[in-house]
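Okay, so chain A shows up in both of these, paired with chain B first and chain C after.
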Partner chain A sequence: MPSGFGERRVRGIFVRYAPLLIIALVWEAVTRLGLVSGTLLPPFSTVLLSFVTLLRDGTLVPNALASLMRGAAGLALAIAGGSALGAGMALSPRVDTAVGPLVQAFYPLPKTALVPLVMVWFGLGDMAKIVLIFLGCLLPVILGTYNGLRGVDRVLAWSARSLGASRREVVREVLFPAAMPQILTGLRTATAFAFLLMVASELIIANNGLGYLIGSLGDNGAYPAMFASILTVTALGFLADRGFAAISRRLLRWRA
Partner chain B sequence: MNVAPARPAEEAGIVIEHLSHTYAPEAGTGVLALDDVSLTVERGSFHALLGPSGCGKSTLLFCIGGFLPLQAGRIRTARGPVSGPGPERGVVFQNFALFPWKTVRENVLYGIGKRGIRGAAAREIAQHFIDLVHLTGFEGSFPSQLSGGMQQRAALARTLAAEPDILLMDEPFGALDAQTRRIMQEELLAIWRQTEKTVVFVTHDVAEAVYLADAISVMSARPGRIRETVAAGFNRDPDPAVVRRPAFTDLVELLWELVKSEVEACRPALASVA
Partner chain C sequence: MNGSKLKRLHRAALRSVSFLVLLALWEIASRFDLIRPFLLPPLASVLARLASDLVSGAFALNAGLTLYRTLAGFALASLVGIPLGILISRHRLVGWFVEPIVSVGFPMPTIAFLPIFMLWFGVFDLSKIVMTAFSAVFTVIAAADGGTRGVERPLVWSAESLGARHGDVFLEVMLPAAMPQILTGLQVALPLALIVEVASEMLMGGAGLGGMMVQAASYADSAGVYAGIVETAAVGAVAVALMARLRRRVLRWHPEAAR
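So, the complex of A and B:
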């Protein structure tokens, strides 16, 4: 590969994320110039220093791991359950009739409203958070799978059948691959919801995790460390989304 | 109307008897798309179904394909009564219906795999059909990277590779530009002469039907009935100048009059809808 390609790529990334850099610089400037009170918004460099401190004193990594474990568990359960339910609804009118109204009723409910209820039912430990993340991520996965499978052009299935595929093979070999773009879109939304619910549930009641860290640092007035924790969540969410986008591009490279 | 006395389907290619089909929407009244259609397609012949848009010719093709449930009447082929899709009846759709996540080679391999052939033998068969439709060099391309004409070649290769006895084609060249369509028609005829398959070809293009077919069934406007079946047979003549012969142009003219009267019969109905 020519070296010019790598250089251009680096420049492309730089240009794409330049706005973030500008925000960081403006942040630093307005706080240093005294335009914004340092207690309301600590300078960006102070936040970065506190990030290093949190990393060094062993606060950040265990809390981040605790959060990510909950997020991953809830998301994984939602992907397994949601794709099964979505597929059931799309492929069987009976399942659709039975589950469809439930899904429609559950859809507009903000899942954070369930936090107290889930805490009462599942206690204050990991289980409650995982259940909450699972519930929040379930619907985007169901809807992505359902709409994806329902939207497949019937002639694709007909083609496969007339080429000798059984009904079961059509589902596995044609309907799911054809629905994959929409399924992945649902999974991407679910990943974002997982972060949202992870932090929200830990903010309310927890004794570890990034949400807990943000809440307790804020309560103690340790604002630079709190901002550092918020930035950590943001960065992890961003990395998860970018990673997801990269996997999607790979899986969907057949698209023009 | 040309109603064949029920001949055994082993002798003929496809025997359709008293076939009716109604599309029943979830709400409202059903639409009668096919009304008591009987038709015999000779084995090894190229049979065109010609008619105005919405006359039920695609419905008839999809019934032969086994994609639509048979409501009234029956369809038989040499393999017995049609009760669902089967690999002995290959289909080529207007919009190609290629698997977009598979390359040309993988698409062609799909039906070969379903015949239980895998590995090097399967790849060899796939290559044969890819070469036959002149897609050599595009084996690794995804459908989205190909032109419409090339996509339809790939779809034809995929269908032929499953070795069907019967080829069902639903306006396969309808989405192509005029030049590509003409080339595809010539190549389809060349392939058909080599493979001796029974072909049912749906089209609304009169000249296309006369150019390609042994026999042409003109369908009436909805509800679809077979109005007339005429013999053509210019497809047996490899001379490209055949399209300028008086016999050819006379037949095109005759069929056009028939189709035109059907289109006009539709018009009051359309006006009342609008």
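So, the complex of A and C:
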């Protein structure tokens, strides 16, 4: 079963993503045929070559690592803080009264507006970006956890209690597993936000990272390399999302 | 005053406590020089800045420009995204072609494309509008696709068995049934467009709330930065409220409106 199954899977993935290949071919064709100016859109093959050059001359990997480190740190802090706050709000009316209004007021603020504030507070380095990503990812995590826990059927908790489970056990064994799909949806949104805020803050001000690389290559008119870096950050965002989907499926396997 | 009104008032008072505590802490911190005014300017100076921005018309100009470009991009994204999302749910070939693009576009940090749009569309409004449209469109497509796909078949069958024509089934049954989910997608996409619009303004400078805030930060004008955050939040709140209103209006026939 394994080999045949693997082959079918590879073919499935190929058929699914074939349109991206078609787009790459059309891109190559319109630039080679001179339908689109080469300065506005460098040919796909040129962009690929630039990608290889960026990879080999040691520009791409350190910048990508710097970005991913910031994104991961901010996201991890947001997941820890956001799930704790969301759970607190869902389980305790007192916490809800204290924190709920602040969360509501913070909700409509476009989080990129905080870029100048974190600059003033934390300067131009890693710390400012990590705090920005943390603040931006906090809300989706809080909302996912809060709505997930609030949406759990009360009867489930009551029956666990009547069977002798302690309050702590009910939270851990009943409420959290039942709320998991919504918590994971919140985390998925947060992951996308982390990438967006990471690139935005690095584009606006930074001295390394993928956003910085894209901006400085663009300023120098190195367009093929700029396109290569943009495709890199797009691919990283896509891979993170797919990886996240795979983990979610695994975590939710028990739900049948 | 009756009991339920009193209860509501009590609740509102309780809910405003954390705001008051926060504002009091702010005032104490700056009054007793616990935090440098560069990091946390006195509350009064931020309020004064807000007032002068309101009176001088700076707020109206910057907020108006930001809101205009956000809504223009958002409208473009809806005009393209809703029909495309419906199309990919109903035609297999179109779906096969567009779906992988959406699954790449959905989680991607769209702001990374801003240098490309600046290269293609210049450094004025057009590139910002295309940028916001691009940042919102994938969410809209996904919602329209999911919405029309999720319409219950029996609903369509019964309309057909009652003799409705193909076009009528679509307009009178499918589209209304998909509307709640499409609107949810729009409600997610609009704040996304605003986030990206503000970032684009910060990158490209010029008028608009983002450009104004970056300028304030580079002049070490902290009161301007704080006022800018409040002003941007106000624009965000207006955008969120507009969408909620639109939803209630469009879904007046829907059971959720009665809640």
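Here is the rule we use: the second predicted complex is superposed on the first by the 253 of 256 C-alpha atoms of A that agree within 3 Å, B and C clash if a C-alpha of one lies under 4 Å from a C-alpha of the other, contacts with A are read in each partner's own complex, and residues count from 1 in each chain.
Quick note on the criterion: a residue touches a chain if its C-beta (ideal position, glycine included) is under 8 Å from a C-beta of that chain, and two chains touch if they have at least 3 such contacts.
Since the model is a prediction, treat every value here as computed from it, not as a measurement.
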item: Touched partner set for A:102, first chain B, second chain C, both or neither; value: second
item: Which of chain B and chain C A:156 touches, first, second, both or neither; value: first
item: Touching partner for A:16 - first (chain B), second (chain C), both, neither; value: second
item: Touched partner set for A:195, first chain B, second chain C, both or neither; value: second
item: Partner, of chain C and chain B, that touches more residues belonging to chain A; value: C
item: First, second, both or neither for A:55, with chain B first and chain C second; value: neither
item: Which of chain B and chain C A:68 touches, first, second, both or neither; value: neither
item: Which of chain B and chain C A:174 touches, first, second, both or neither; value: first
item: Touched partner set for A:211, first chain B, second chain C, both or neither; value: second
item: Chain B to chain A touching residues, read off their complex; value: 62, 65-67, 84-87, 89-91, 93, 95, 97-102, 110-111, 114-115, 142-145, 158-159, 162, 164
item: Interface residues, chain A side, partner chain B - complex; value: 153, 155-156, 158-165, 173-174, 177-178, 180, 252-256
item: Parts of chain C lying in touch with chain A, wherever the complex brings them together; value: 14-19, 22, 38-39, 96-101, 103-104, 106-116, 118-120, 191, 194-199, 202-203, 209-210, 213-214, 216-217, 220, 222, 225-226, 228-229, 232-233, 235-237, 239-240
item: Touching residues (chain side chain A, partner chain C) in the complex; value: 15-20, 22-23, 40, 97-102, 105, 107-117, 119-121, 188, 191-192, 195-196, 198-200, 203-204, 210-211, 214-215, 218, 223, 226-227, 229-230, 233-234, 237-238, 240-241
